[in-house]
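You will see chain A twice below: alongside chain B first, and alongside chain C after that.
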Partner chain A sequence: MIDREEVIRIAALARLDLSEEEIEKYQRDLTDFLTACAQLKKVDVSQLRATSHAVTIKPRLRQDRVGPSLKQTDVLSGGADVQDGFFRVPRIVEGQG
Partner chain B sequence: MKKLAYLLQSKQVSSIELVEKYLAQIEASEKKLNALITVDKKGALQAAREADQRWKKGENRSPWDGIPIVLKDNISTRGMRTTCASKILADYVPLYDASVVTLLRKQGLPILGKANLDEFAMGSSTEYSSFGVTVNPFDGNRVAGGSSGGSAAAVAAGETPWALGTDTGGSIRQPAAFCGVVGLKPTYGRVSRYGVVALAPSLDQVGPLAKTVEDAAILFSILAGTDPKDATSANAQEFNVPNWDDALIKGLKIGIPKEFFGEGLHPEVEEAVRRALQILEEEGALLVPLSLSTNVYAIDTYLTIVTAEASSSLARYDGVRYGQRKEGADSNTMFAKTRGEGFGAEVKRRIMLGTYVLGAGHYEDFYEQAQKVRTLIKDDLQSAWEKADLIITPTTPTTAFKIGEKRNPLEMYLSDLYTAIANLGGIPALSLPCGKDSRSLPIGLQIMANHFQEELMFQAAYFLEKKLLGRA
Partner chain C sequence: MSRKYDTVIGLEIHVALLTESKFLCSCSTEFGAPPNSHCCPICLGLPGSLPAINAKAVEYAVIAGSALNCVINPFSKFDRKNYFYPDLPKAYQITQDAYPICGPGYLDYYVQDKLERTKIVRIHLEEEAGKLIHSGESIIDSEYSLVDYNRAGIPLIEIVTAPDITAPEQARLFLEQLRLVMNYIQVSDTKMEEGSLRCDANISLKPKGSPVLGTKVEIKNLNSFRALERALEFEKERQREVLEQGGQIEQESRTWDERAGKTMTMRSKADAPDYRFFPDPNLPPLNLDPVWIENLKKSLPELPLERLHRLKDQDRLSHYEAAFLVNYPDFGDLFEKVKVTFPEPKAIVNLLMGDYARLAREHGHLNPVRLGELLQLLADEVINKNQGKDILEELFKTEEDSPAEIVEKRGWRMLSDAAQLRKVVEGILADNPDLVGRFRNGENKLFGFFIGQVMRATEGKADPEVVNNLLREELEGGRN
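Showing the complex of A and B:
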């Protein structure tokens, strides 16, 4: 069983605010999932390389040309808090202020 | 679709009349089905008026100019909200069109609206949508499947002649099977993903859903091709609708993997699929028994990769540039509150799992291990193509299940048992209706092919469809 602290740690990494109920629920779900996936660990993969893409596609580069782009005002239009052409967020750095 | 195109071309029907007809059907069936999240009546009628003008002047953009369509609501549409069936994007209006939408507009297709899905395409029943479940048009107590359940139900109920869906582990094919329509997941890279909201970028593909094989092929021919905006799109892989040729069936080697006909497969589904195989054999196809033994790992491999990629894909929803925000004293609190309240239970579960399998100390054991098993699965598929031209299996182990029936997430994940392998291998796969069970629920048959072999797959599907309809 995954312990409670581990669930809280993962939630913090994932930036998810969870209720007490959710912490308990995901403790169970994570445990179930890891139990179910345990068979994967038994597969001998020592001779295998990892596949990150199933179809081999050669990287294709574009010409470095300036094309049409979105207007700043349009791009900012979806933000919850916008000021002077910037997205505004709460304080990030601790300190005087 | 050829008939609709003929009616438009010969001026026997106008695009306005077509769009009004589908809007009326939407009005009539939506209360029951809940297949659509957004209906854009005004936009669709305006696009239809413009199409009619073009036809009048002989300047039509394509034979399909003015034939409307529905899009899954994780495909970005400029000026039309794109919710991904999530609270966090409930009011999100994209500033640009997905490349597939640009292609549809270039052909003159009016967009009727946006279809329901499991939140961020995570699910197999649309029960995880924040906008309510989509009901199966064949049985009001059952699911339409998922995650493209809205697209499949809308096509089946005649709300639209065709639709776009997305498929990461079976999300086009499983709902197509449950709703009795044709659904294609193309080869990875054959259709652009630009502007399609990412779930798992190494597995996601956009594809068509339609009533007939030919209609699905026509829609696929509009979608396929290189997109400079998508670095994973394949070079020179356009698709033209072929001349249908029954003679191709003779001598065709059809692989029958025994692992897809074993425990858990409902006997009525098996019977319908075997009947279809017999039809192919009678026409001279060779049925080749084979083994895809690695399919036993497909679901766990798929889940590990999909949750890992999803946890990364969904990091962008932070309440800053778009979507909803819940205030907090500092940025991390704001992010966590925004995401904690904005995401539904299944999305949070997958983000948690994905963060775990990518975490320090787990990465090698889980994520990297799954990527290596993915190589094993890919190799298994590749060796199958040495014995067979196509592989045929059931699309799903059962027909549509009841709403609320699968409460355990692990049980829900098993809906993708026969479909996830195609995404892991990047191969094309199509679901074709092949009969009904004793409850009159549709049964789907899956045809898989090697990379970029959609044409052969469509040929076999077209032949089977003709024979099955002839026999019904």
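Showing the complex of A and C:
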């Protein structure tokens, strides 16, 4: 069983705040998931080419041409805090040098 | 520096590619537009948007890899690197993790007159992050920051070197050569001040000769060649002091503070992010045509090192002269053009490196044909060096008249006619009998005075060699 701290750490990476019940639920879910992965790992794939991507089609590359962008006001409309045409964000790093 | 430690340096260089539009959308890459005016649902990562790879960015990455002698991988793919940082609007960066577009390669460059090689581990394509403007002096003392996403999504290549570099100065020389290569192949404008060339450095110390690498520290925020070298010098000394006092180096990221002249802790390994790479589901892997790759390799222009060696071997220039023409490609190109009409490499480079360089930086370059004509007049001794300088100044004002026409108009033609000059010399000696006497009694330094008098009398037009011979004849003939 994957432990509480691991679930909390993974949740923190995605900035998720989990309740006690959710932590327990994800402990179970993630354990089931990893168990399934462990089973898959037992399959002999030595003769197979690795699948590095689920899609096998060739990408359509785009010509290097400039197209229209959004208006600045539209770009900024999704921001919680804006100033002089910029998004404004709180302190980024903690601590001193 | 203590002799007890070896310095080990590796660089990660970000080169923004000179495409018109961004990597995965058609927003403009133009520098200096109003903030957040070159953004769209794709580069902002709005739900439902679909990225499409810019063909030019792929081409430039292959050209750059080829110029750095890298293996080009026909198969490569794109991954999402997940982390939260305000310069990343999508909360992930599209990059290449396990399958980069270019594999191992190397770059050769000179450190003084010794050819060094630094191995390239890989080059991958990725998108640029947005630009942060901090409210304080640096990120560390900023209560808030402003974000401009115009830059977010511009294509860039990250070039990762092996830890092959052994000194801060060498790191700078490597980076300078790398920039030159990028300029020659025209995939980037490599302006460090605009951020289109950026460098992070990893540095560690190990006991001299030890095969085991020490704990490395990553330095960020290196915005100039000078900053790179200074930051590495500082960090080398800092680590040496820690080690000599029996301490341990902590694996961490440090930021270079230009003003304070020191590196400062940014984040430590303890809270190192877990990027959770996974294949970008919206972008199928690249499968490049090997023939197309070969053709790009074949179409590479002459690279800086090749040019340097050609100038030294074929044109017989010194390392210093050749390096000047290589490091300032506009001068190098002009040199080639002048050589077409005036095939004397040494004379051309002497002219270009002298007064010409100073004037050209101020006014722009002259027509190579005019320079060839000027050099020809000097070679034919129609004019002397000082007159050559005057004509050069004149050409920077207007190139309407050829150097020969300027000579005619100003009556600057060099006076080499011995009979005519003899009269001048005789006149001057006749006017200065005392001095002539003193010279003949051994005051050799007076010779210069007579030369000066002749030059003055001829308004600087006299051929110094002819004057010299005439004076010797006249003066020494009657020496006691």
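Quick note on the criterion: the second predicted complex is superposed on the first by the 85 of 97 C-alpha atoms of A that agree within 3 Å, B and C clash if a C-alpha of one lies under 4 Å from a C-alpha of the other, contacts with A are read in each partner's own complex, and residues count from 1 in each chain.
Note that contacts are C-beta pairs under 8 Å (C-beta built on N, C-alpha and C of every residue); 3 or more make two chains touch, one makes a residue touch a chain.
Keep in mind it's a predicted model, so treat the numbers as computed, not measured.
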item	value
Chain B versus chain C as contact partner of A:Arg49, first or second or both or neither	first
First (chain B), second (chain C), both or neither touched by A:Arg91	both
Partner chain in contact with A:Arg65 - chain B first, chain C second, else both or neither	second
Touching partner for A:Arg15 - first (chain B), second (chain C), both, neither	both
Between chain B and chain C, more extensive residue contact with chain A	B
Touched partner set for A:Gln83, first chain B, second chain C, both or neither	second
Which superposed partner A:Tyr26 touches (first chain B, second chain C, both, neither)	first
Intersection of chain A interface sets (partners chain B, chain C)	13, 15, 52-55, 57-60, 62, 70, 75, 78, 87, 89-92
Chain C residues touching chain A - in the complex, by the definition given at the top	19-21, 25-28, 34-41, 44, 46, 52-58, 77, 82, 84-86, 98-99, 132-133, 139-149, 255, 257, 264-267, 273-274, 276, 279, 281, 283-287
List of chain A residues in touch with chain C within their complex	13, 15, 52-72, 75-76, 78, 83-93, 95-97
Residue numbers on chain A that touch chain B, as the complex places them	7, 10-18, 22, 25-26, 29-30, 32-34, 36-37, 39-41, 43, 45, 48-55, 57-60, 62, 70, 74-75, 77-81, 87, 89-92
Chain A partner contacts - residues on chain B that touch it in the complex	92-93, 95-96, 187-189, 202, 228, 231-235, 296-297, 300-301, 303-304, 311, 315, 318-325, 327-337, 339-341, 343, 345, 348-349, 351-353, 355-356, 359, 365-366, 368-376, 378, 409-410, 423-427, 451
